[in-house]
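The first chain written gets the first letter, and so on, giving A, B, C, D and E; residue counts start at 1 in each chain.
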Amino acid sequence: MKKIAIGLYAAVVVALMIWGFYQAIYVAPDDAMQGELFRIIYYHVPSAAVAFLFFAVSLAGSIGYLSYRRSHPERAQGADAWALAGAEVGVIFCTVVLLTGPLWGRRAWGIWWTWDARLTTTLVLWLIYVSYLLLRRFAAGPQVQTLAAVLGIFGALDVPIVYMSNRWWRTQHPAPVFGGGEGSGMAPAMKAVLGWNMLAWFAWGILILVLRYQVERRHQINASNEALDALEG
Amino acid sequence: MPRALWTHLVKDLRIEWRSLDAIISMLFFSGLVVVLFSVAFDPRGEFSQRIAGGVLCVATMFASVSALNQAWAREIRHNVMDAQRMVPSPGAELYLAKVIVNFFFVSIVQVILAPFFFIFYNLHIAGQGWLLALVLPLGTWALVGNGIFFAALSITSRNREFLLSLILFPIFIPALLAMVQATTAILTGERDPTLWIKLLAGYDIIFTTVSLLLFDVVLHAE
Amino acid sequence: MSAPASEGLCAQLDAVSKLFGSFAALRQVSVDLEPGRCYVLIGENGAGKSTLLRILAGLLRPSFGTVNVFGGHEPHEVRERIGYMSHAPMLYDELTGQENLRYFASLYPGRPCLAPSEALRQVGLDPDLTRTLGQYSQGMRQRTSLARVLLPVPELLLLDEPFSNMDVESARQMVELLASFRHGSRTIVITTHQRDLAAPIADWVLALKAGRVASFEPGSPTL
Amino acid sequence: MPRALWTHLVKDLRIEWRSLDAIISMLFFSGLVVVLFSVAFDPRGEFSQRIAGGVLCVATMFASVSALNQAWAREIRHNVMDAQRMVPSPGAELYLAKVIVNFFFVSIVQVILAPFFFIFYNLHIAGQGWLLALVLPLGTWALVGNGIFFAALSITSRNREFLLSLILFPIFIPALLAMVQATTAILTGERDPTLWIKLLAGYDIIFTTVSLLLFDVVLHAE
Amino acid sequence: MSAPASEGLCAQLDAVSKLFGSFAALRQVSVDLEPGRCYVLIGENGAGKSTLLRILAGLLRPSFGTVNVFGGHEPHEVRERIGYMSHAPMLYDELTGQENLRYFASLYPGRPCLAPSEALRQVGLDPDLTRTLGQYSQGMRQRTSLARVLLPVPELLLLDEPFSNMDVESARQMVELLASFRHGSRTIVITTHQRDLAAPIADWVLALKAGRVASFEPGSPTL
């Protein structure tokens, strides 16, 4: 039953992705100033949004783990799996942002990279979660999950600080397009395409997240089965 | 002040005092770092005033990290950490004592090295110099506070020394940024450092509070 | 293994298993420890003795099963009433024995502790040694470590191979010391490979084998 | 190649390969150092081309030192060093194997990081870029060769990690200077780096030879 | 202490003293070791046993006096003929037992070594264990360490408390193994606090006290 649901969902996601791709490449109009390359926005922005969401999932998982680890060990394991899946998939999407951004920047600004707040913020975010994954790799023994959860909380603390500093001075990176002040906003045709791509990427991201979560859960369950076997043998 | 905090402080200070190793090495090390940076970034150039803030902060950072790596070495050596786990007094005090002691040492090193730094880089302070006495301690506290915490967090891992830097640096970047910007603003006198100082203070308060709250979790992780 | 009444018990392990990864160091160990008794844990290398002790100390949590000490507490909650001595000395190399003990004594707020010099004398060391612990020999360190454990006058004493680097004469003295402790109705758990050294106080001998309880028999204490 | 050298190499590579810890951490660490330096020395300024050489060399240095500190960790842990002392095969091979393994790792890290460095600092090479492929390995060898030697020398001391930097840095300063100058000369294209490269090569030859000759003395010190 | 003829001797210590700073760990120790004998070193903690062993191994140099082994060599010069096992395992945590031994075996160029798996089997370990040494228990590590020492078939075997973390049964097996070694006319020096464990092969018992030779008496070996 669960398998069928996931299969169906995956099919929908693929359809959405194709539709989004079609929209982005063939339907959306060229940008007035940047021309063709502007289309990268349909990958850049959704990936960033998805990454942010998943880091939030990771934070929630970390907090969940710490609060349940004594009282409901089983639930805590689930929370930990969410924390790990969120961090891992989030890092992947964040990497996409960090790759598409410079590609775009090379054309738009003539340079690959600059140290403005938005870019630095994103890079720091990526670094923090990579260090989280490294901790999970290097730390040994049963305390890994606890330590990782603690680091997850610390990392998340950092994000708003870095993020706020964004608001405090001008950036080279485009200002918020949506809900910004004067002169923000984009053409409705583009907006629609962006909307479709957003949807497609979210759907896709959530699919990967859930799959990763299940793999991790299966991993945990296998480990405990193996453990039970070891106890028998 | 809680009694246990005091006990931890006295113990650490006594051990340090007995050999003076940590402080002497840190002093020499920081001196070396300043020299190395002078070799690497020729301070005769026209932009020395611009990079001096960065050099000062990065030098502080590397010198402190070497100290931080050793911060729990004594506890690790003969599993003293297990003894600390068996003791009923709260872990937060153990943490705080370590932070204070290390903050104290790094500060001493800074005070001693500052004049040399000014001489090597031919600096003159264009802004309000006394603000430096606020920026440097705040930045150092951010570094040491987080450093001690993450050093404890990485005790049980393989690759302990490395892991500390790997975890600490990303989280420390905002504080470093604020510290560098504030210092440069003060040295060049071109901008107003207040915003950065506030950011630094906020960072310190948030992170120290959370560290105090979570240290027991880390100490009794298994 | 013994009576189910849990009130009077010092510690109770119920079907405790401990896994490291997929390796089972302890399997379904159920033991009740009565107050005022001395239990000697024996078993081959890797049988799980140290692991069992660390679980009793609250330093490890069992993967399955429950431990409770002093009537319904988790070991961790009442750690000030448990003394644990491991293979490693758990002391600072840079301080003298006396200073080490003074330090640890003041970390037990509200608990009446032995005077450090008294504890040192009990284990047969000179309290006025000015050498730091790093310069002690193996055996001297072991004794100082024992003194540290005795400081807060614990009700449950867990000793992991306390005799392993001690000369026979010292070991005998230590056993006598432990016997006096037991008469103060404190519980003692010792792991050792030198069963005969511990024999004079062994009320019960618990043999582990590959993580399981292989036998649990009364000893014949003479002290 | 002498058989023992090969044995040591295989052993070290196998241990590293088994966990990949060292290389992953060094990679991430060096990346962090580049980022930290960028945060500290805003490379958007007009002088970024000038300081890039310095940043590159100092970043390499700190990343390597962290690795060097761990170089003998395995041997120290259970007194394996005593076993090495009891073995009849010459210490020089043990030393050389460690140097080669660590040089290999640091070089991998450099190769991977170089592009990022160029992107972050917006560099363009005004001089002969291929010379960098000479300067960096020479500089790295100087660092690693000396580092492994002095790490062995400081094994028995308290405060081991610190001591290494304290001994290594002063001795490494000439090589660092040559490395920075050569790199800057290549990047800016304003001067001729040949002299500096020769200096670096000479430094390598002399120090490696002496290290090989003296390693047995250090190994069997007491 | 015995005959002055040095040719037939395995090792000869002549008025050896060792100072650490101003502390004398060994004072004027003179002993001759004959080939094919087993010497058991006993003494209290801190008596200087480990120090004496390290001097015989060439890892420490005496502050005063001379040591020579195998007729006129310094221990250091003939280190491939000496096997030394200390408190610490002296092995790599990250390799399996087998890999550790293979590594060390190839560091003895030109000396016929035991096959690693053979050495492991001799000390009662399964050569095909895939766990790395870091995951072994104390006693398993100790055995692997002994296997490492046996590899190059040393003529002088120095063992610092080889039984300290071993269960009695293993210790007995080890003693038998050592006995067979001795019959191959190799010399063995063992320090131990468990004198009775070593008794079956003790040809001589040397007691140290505060760095001096307190007694040097023949044992009554049964193996």
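Simple rule for what comes next: a residue touches a chain if its C-beta (ideal position, glycine included) is under 8 Å from a C-beta of that chain, and two chains touch if they have at least 3 such contacts.
Source: prediction; values computed, not measured.
Enquirer: Return the chains common to the contact lists of subunit A and subunit E.
Expert: Per touch definition, common to subunit A and subunit E: C, D.
Enquirer: Per the definition at the top, count C-beta pairs in contact and tell me whether A-C or D-E has more.
Expert: D-E
Enquirer: Could you state the distance in Å from the CA-based centre of subunit D to that of subunit E?
Expert: About 39 Å, centre to centre.
Enquirer: What is the distance in Å between the mean C-alpha positions of subunit B and subunit D?
Expert: That pair's centroid distance is 25 Å.
Enquirer: What whole-number Å value describes the gap between the mean CA coordinates of subunit C and subunit D?
Expert: Measuring from centre to centre gives 47 Å for this pair.
Enquirer: Where the CA atoms of subunit A average out and where those of subunit D average out, how many Å apart are those spots?
Expert: Once rounded, the distance between the two centres reads 36 Å.
Enquirer: Counting only residues that touch at least 2 other chains, which ones in subunit D make the list?
Expert: 19, 21, 25, 28, 32, 35, 39
Enquirer: Give the residues of subunit C that touch two or more other chains, as numbers and ranges in rising order.
Expert: Where subunit C meets two or more other chains at a single residue, that happens at 20, 23, 61.
Enquirer: Can you list the subunit A residues in contact with two or more other chains?
Expert: Residues 120, 127, 130-131, 134, 138, 141-142 of subunit A each touch two or more of the other chains.
Enquirer: Which of the chains are touching one another, listed as pairs?
Expert: Inter-chain contacts occur between A-B, A-C, A-D, B-C, B-D, C-E, D-E.
Enquirer: Which subunit D residues qualify as touching subunit E in the complex?
Expert: 3-4, 7, 11, 14-15, 18-19, 74, 77-80, 82-83, 85-89, 220, 222
Enquirer: Using the touch rule from the top, collect the residues of subunit C that touch subunit A in their complex.
Expert: Listed in rising order, the residues of subunit C that touch subunit A are 17, 19-24, 27-28, 61, 63-64.
Enquirer: Spell out the part of subunit A that touches subunit B in their complex, as residue ranges.
Expert: That would be residues 66, 120, 124, 127-128, 130-131, 134-135, 138-143, 146-147, 150-151, 153-155, 157-158, 161-162, 165, 168 of subunit A.
Enquirer: In their complex, what parts of subunit B are in touch with subunit D?
Expert: Residue list for subunit B touching subunit D: 19, 21-22, 25-26, 28-29, 32-33, 35-37, 39-42, 45, 47, 50-51, 53-55, 57-58, 61-62, 66, 69-70, 158-159, 161-163, 165-166, 169-170, 173, 176-177, 180.
Enquirer: Which residues of subunit A touch subunit C once you look at their complex with the stated criterion?
Expert: 141-142, 223, 226-227, 229-231, 233
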